[in-house]
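Letters A, B and C mark the chains as written, and numbering starts fresh at 1 in each.
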């Protein structure tokens, strides 16, 4: 089959792949945001910067320690996650008793700080990062780069693993319950403050993980976070904040939609997600999978 | 009225029925605030092991606030709270839980995203001596039948049972029950009364808040009347008849 | 402002007006006008976040779109200043209405994100639409006349024009906040379910103030393009929204003068940092963090709190024999 609905199949598959790649990042990032928001009720504006940090840690590991991609995939999320733990413990925690606005503004400030700091050091151009998986799959109609296939599969796996952790494990049960009624959980003897810290670390670690995966595809640049985070916010709004499965499904779906739009109406690709957001919100104010709070 | 006030204030209680054991809970001069608003002005009370003590009073008197202060959920409080002799000054709620107290809030707090059984198993076992899951299901067979339903799909009465049941597993010996019979059918109210009696027999100590005086009067060993953040009166089960007019005046019946 | 005596208030106001009149002879007028525009933008944001509790992250869309419209109207269609500004405000208010209708239905954090997403939409459209000039923006916007009466070509004339309009806008905000309408808004912020149960059409109130805020931000944007004779993509960028928020929080969020004080601090600071462009983000981020963690009330808020503390302490120290006030 050379064409599907008049579109060359090769191009279709190619764009779909690009869409799913983007979708992978949308899913991972909005998953992290959802987890953090679900328990801490904080919109982590620093999420994009933490993603960027993950990519830079990967770059630094290679540059200064000669540790390649596979090491980075293990180390960088942990490093970024630890930053998250410290930040929550020392700064974010003090704002919980106040209006949510302050926590949002704090993370926003941190995002500015981080982006500014990296821009100071590295300028706005990107650092290249080598592709760890060269070669590709020949699927007849087109040639799928190996690394990109890996990204989609790894993102999917990570999303499902996170979903499993939250929905099916005991600790995840604590998290879900604490989302609903944290004070009551504390009276059961469960150390909710520590859970908050670990949850933030987990969400941030996911951002760092995304950053490492992004490094070989997009250049490692101080701007990579802020470019991504705005779209991710729209994804989260569409999916419904706090819904785990919602974030995953919406992320991949919107990535695919974006990719396909590029084929049909290229100019609209940058804005289609926002258009979808308006349409979804008009019909379901709480997002597709969101619950009324 | 003066006598009971004094003795309540002094924290000494005449030997109650069904107890007379060691001090489980001792509150002296408790004050608490919600932000700038004074919620508790001066609460003094005491609960001994094996007793069922009831807090009575109008809405907004400070009964629930007292319970919240005991479990450590009042951000601003002053005064003494001792659990089994240990002061709870400056302790976080999770630390207070380890002193052997468990709380069943007015809203019941059943988690919607968990099944009945998950709800039941949620509070960790902190001390030995609690009921096992099998014993709980024996006590509350309904919960066993519905154990896979989402927690909030249970009826009001079943949710109340669940809320009480899950803190029986933890090993806490002092139970704080906030309005356990609120909004429930008489049949369920009876069942809850039976349950509390059973718990007392088995050595649990209960401090409960109740608006339903008829229910409480047949069940509790002692009563404190809370009014506008302080203890306005105290009487025992065996004094109810003799001081009936006083009691009714206090409660506005 | 409510607890200074009426005479002190009036004196302060007079002093303020005097300062504003003399200022352009002391400080570079273009800089002052930049201050005024940002103060107004921040005041528009503050109206929502400080008095209604709605944190908008998208005000740049009103600011920037009004700017583009006014720039185009004045340059290409030959509108005069007033009609050009009105056109800008109109478009900003329209965008406010559309985005508000959707955003207002959600609370807190969701509201913020929806405004942000809408702003991105507008930003994107601004980039693509031919009349905005894309990356170059609309340049060489002429200084039009005011209703054909006098020209704004002269910097001083432009300054007083801007000062008067911004002053009127601040006055409008003051009146709104202290009106029954404003009190309902505060009730909504403090306890929305209660306000609803008292019979207030909460959504309607919120939408109204949202559109008002959008219009005010639009006014700021329209004035800005006339002052600088340039409408550019930075005006619709979310960084501008962020800057407005920064000004609000530095100045003091629930105060009327806060936005003005914050603007003075932030715009002056950024002026000094102009040569260190790479440091701007860092400094902004740093200020955000410091203010949120330590000086939440902002300059004005901190001052009012200090005054209140002093009053209370003085009242406590007063001997009992002085008795109660008449």
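In the analysis below, a contact is a pair of C-beta atoms (placed from the backbone, for glycine too) under 8 Å apart; a residue touches a chain by one contact, two chains touch by 3 or more.
What you see is a predicted model; the values in this text were computed from it and never measured.
Trainee: On a CA-centroid basis, which chain has its centre farthest from subunit B's?
Mentor: Checked the centroid distances; the maximum from subunit B is C.
Trainee: Looking at mean CA positions, which chain is nearest the middle of everything shown?
Mentor: Of the chains present, the most centrally placed is A.
Trainee: Mind checking the centre-to-centre distance between subunit A and subunit C? Centres are C-alpha means, answer in whole Å.
Mentor: So the centroids are 33 Å from each other.
Trainee: Taking each chain's centre as the mean position of its Cα atoms, how many Å separate subunit B from subunit C?
Mentor: Using C-alpha averages as centres, the distance is 52 Å.
Trainee: Just the number, please: Cα centre separation of subunit A and subunit B in whole Å.
Mentor: It comes to 45 Å between the two C-alpha centres.
Trainee: Show which residues of subunit A lie in contact with subunit C when the two form their complex.
Mentor: Result: residues 37, 41, 43, 91, 94-95, 98-102, 104-106, 108-117, 119-120, 230-231, 233-234, 236-237, 241, 267, 270-271, 274-275, 277-278, 281-282, 285-286, 293 of subunit A touch subunit C.
Trainee: Residues of subunit B touching subunit A in their complex?
Mentor: 71-73, 75, 92-94, 96-98, 102-103, 105, 109, 111-114, 118, 122-124, 126, 167, 170
Trainee: Quick one: in the complex, what on subunit C touches subunit A?
Mentor: 49, 53, 55, 102, 105-110, 112-114, 116-118, 120-121, 124-125, 128, 238, 242, 245, 249, 278-289, 292-293, 296
Trainee: Under the stated contact criterion, what part of subunit A meets subunit B in this complex?
Mentor: 97, 173-174, 176-177, 179-181, 183-184, 186-193
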